[in-house]
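There's a structure below that I have some questions on.
Just so it is clear, A, B, C, D, E and F label the chains in written order, and each chain counts residues from 1 on its own.
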């Protein structure tokens, strides 16, 4: 049976979902898992606060359970990894958060990693999360561009889980590897499915 | 105007709330803040999983916002500190989680602290939280008694946020200080209010 | 029997003791423990060096033992926590250092804490202490105002253990919680006594 | 042009290389990069000591440079990641070590990871490496099965970089995710190539 | 002018001082610094508690200042390094504590170091100290032999700062390097003097 | 029999070896171990990259084994400590790396240590090494002077393992202790031999 990775954008901004879908196109493999990208209708227009983060967990969990039947792996496409541990607990399939996945992939690319954040007020939240993952010694810094997700949507720039289109340009400009967290998570999901499918 | 500390038991077990109220009786001060203990009607009978933790944040936040008018400080009486950062962000008052408060008070009592947990499966969750707080080096260990909150309620023992009645006995038996996290949080809330009330 | 918290200023500057007493006035509770503030006559005018810190331990310990009979809890009101572990070992009552207590209370107020120091040369001493407490990951920084305790006494500013009168103004100005370590320690002492008095 | 991942077994045991090739079969994608597995002729029969580790770097580097023309990514298939930083410095392509890759993938699977080692004497070497990666807080333990690589080859078990065939059985038996480091590294190499190939 | 290293045993047990002197005999160099070993008359018979540690700082400092004129380096021969930072601050010469020196030398001998303690109650004190030095990740363990210094004196074994005579036997028995902290400190003092004497 | 410390400069620059020999002159003791300084003929003119580091391990090991008969202790005189663990494993004598030794000695001189590096690109390598040693909390910083070893040789300044002649001047200028890592390593080697020679 065909496998399917379900990538959920926990904000309700369809444009962000579109960017996410575009970002993972390059990962689609003939004969490989289907990669579906969905929008969490109940999500806020952008996830910019801790309250936003916490409030999407319930609808996200409901969506995941509703979809669990035809789904082989689940990706939470928001850099705060909302509900990651709940979904892992509740679902009988691998679940990936884009922040955790992005950090994991970045660990193989250089001595330390930095974070490009949307808003400054997210930085303490990121720092707590990085600390909880035991990765504090690898974090070089965290810089915010200070544009809200809505502003990003009006500009031609679509935010935290939809920045993949800037990855290459940034990487060339900076001369260091740049990881897009959505691509990291979907890639790790795909890898995990390939390995589990093995006889 | 009289100040008020609202202590919310995020599970729906009224007996646990009763134990919480009993635990903080000794902290009531004539002329000091009122200490009210409430039950989160929407909560599960016991908070035993990550899903339980995440699912109570929304009703907890709604309750806190509903009650915010006559409230001076808020205490989340569950050892997983559900919603702590969301409530801090959303409310214009000090918010205390019983785990964080218990750890903080314990830091002044000895070189390292241990945790008595209800269920073994909570231990990784605790460990992540202690790590996110940067307190890993002070954690001596975490032992579970392996009784669910419901079982605890049927026995004469009322669980995580309602174990204060065993504090003294344990302390005498072990010969080391034992901290009840609910008492720690309410005490720190009270202290904070006293200091903020200062001209 | 009435309980009593003895707060000792380990420098011999009575004006600092006066500031300490003023700082804890707001914590006095009708029917609660008496809070007495004493000056260590043998102390130097200000505790500004490691030698000062180490030299006050002996007279502090003697004072504490002399006073132990009518005392329920002891507070060492100097930000270097001189003699904290000795007094804990020698006295059969809870002992609080204002630095440790200040850090503990600060942990419940935000993601990281900073220190306002009197003199730059104290910073390595603080850093060692914070490291020994395992709290290095929570320390955001340490800034010195570079005024000796004596200079502070001649100005209208009375130093490390007597800065409480500036707390509120600083907090309003900075827009983040400011903790006065003397108030933190006396508050934690009071909380501990309330809890231990419980039947 | 077709991309190619070159996986080099730094020991000279062809049977181990055969196991490596078998391990990554499931990762081959129609139209995806070729995955070639090579044996380092100059390597020792098994890499069991620090001297073995250090001595293979030079021939490994020579092989990598010789092969660099038609190669898109390089995988060092020995759990000590010999020469990882040298190859990254010398080659103009992504280089993966199986230990680093295995740790990175494992970080997305659970709270902590453990290591199954061949020989006890490798454990301090692993611990130093995990520390240098800043991952010490995530390491649960390291257990050795105490069979040399040669012994492993004579049994039907082919060692550190060739244990993939036991992954599934171990995972089912233990009830926790088991990561094969060769598969992790080749998977991350493939993912990286897919992403870099993106227009 | 001849240089002189003054090694002070901060307990008043002359037998321990004799052992210390014997321990450093092998370090004496013709034409090198004189190594004098002194007993702190005001010290307790053994330094077994935090109070003992703190109480010897003042007489130790007085002794050091009295002797500073003809002294080039100072060694504090007690494993709690009493007064180390005070003496460093007050004296214009290098000061060595035997614990800090022992740890430093041990770092060059293996992946982690262990501590053989006299009494179990010293272990939390050691752990705090190791943490304050930032060396926690290198500490393998701390085992107490549970004999007080006086008991050790009556047996043929002379305690924390006088165990050098057992070093070799232990090392041979255990098959791992064993460091005597007094020898480490005096050796490092001597090395430092040699280097500072350099034109 | 006379003991001998063999100090090997792993780059092939004889001038650096000359500087090393000059640096350790002050450590020679009448009747003490002979200190011989040798140049690794197979080494590159300067060790400036990870490849240089890894490539010298094999000839260094061969040299060490060839010389092991008349040698009592071995010092690797390059700040990247190439081959340290291999030589420790392969030789039946104490082996010292100058970086590890320099850090160890520096730990006894102040609260934190800094590193003066030759080239900026070495800093991540240093940071990984310091992390692997568990000393990250003691590292204050790492500054590069940005001159290659060859450039240093043409100037009157002879590089990483040959900077001892600047130690004193730097120390006086900065007002803090400055450690030359070659001197630290040879001093620790000498101390270790003295102690092992003890009956």
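Just so it is clear, a contact is a pair of C-beta atoms (placed from the backbone, for glycine too) under 8 Å apart; a residue touches a chain by one contact, two chains touch by 3 or more.
From a predicted model like this one, the values you see are computed outputs, not experimental measurements.
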Farthest-lying chain, centroid of Cα atoms versus that of subunit D: C
Magnitude of the superposing rotation for subunit C and subunit E (Cα, nearest 5°): 180
Centroid-based (C-alpha) most distant chain relative to subunit A: E
Whole-Å separation of chain centres (CA-atom averages), subunit C against subunit D: 54
Subunit D and subunit F, separation of their C-alpha mean positions in angstrom: 32
Distance from the mean Cα position of subunit C to that of subunit B, given in whole angstrom: 27
Where subunit F touches two or more other chains at once, by residue number: 128, 131, 133-134, 136-137
Set of all touching chain pairs, with the criterion as stated earlier: A-B, A-C, A-D, A-F, B-C, B-D, B-E, C-E, C-F, D-E, D-F, E-F
Subunit B residues within the subunit D interface of the complex: 124, 127-128, 131, 136
Contact footprint of subunit E on subunit C as seen in their complex: 49-51, 53-55, 57-58, 61, 83, 85-86, 88-90, 125, 128-129, 131-134
For the subunit D and subunit A complex, residues of the former touching the latter: 26-27, 29-32, 94, 96, 100-101, 103-105, 107-109, 133-138, 167-168, 180, 183-184, 187-188, 190-192, 194-195, 197-198
Residues on subunit D engaged by subunit B in the complex (per definition of touch): 110-112, 137
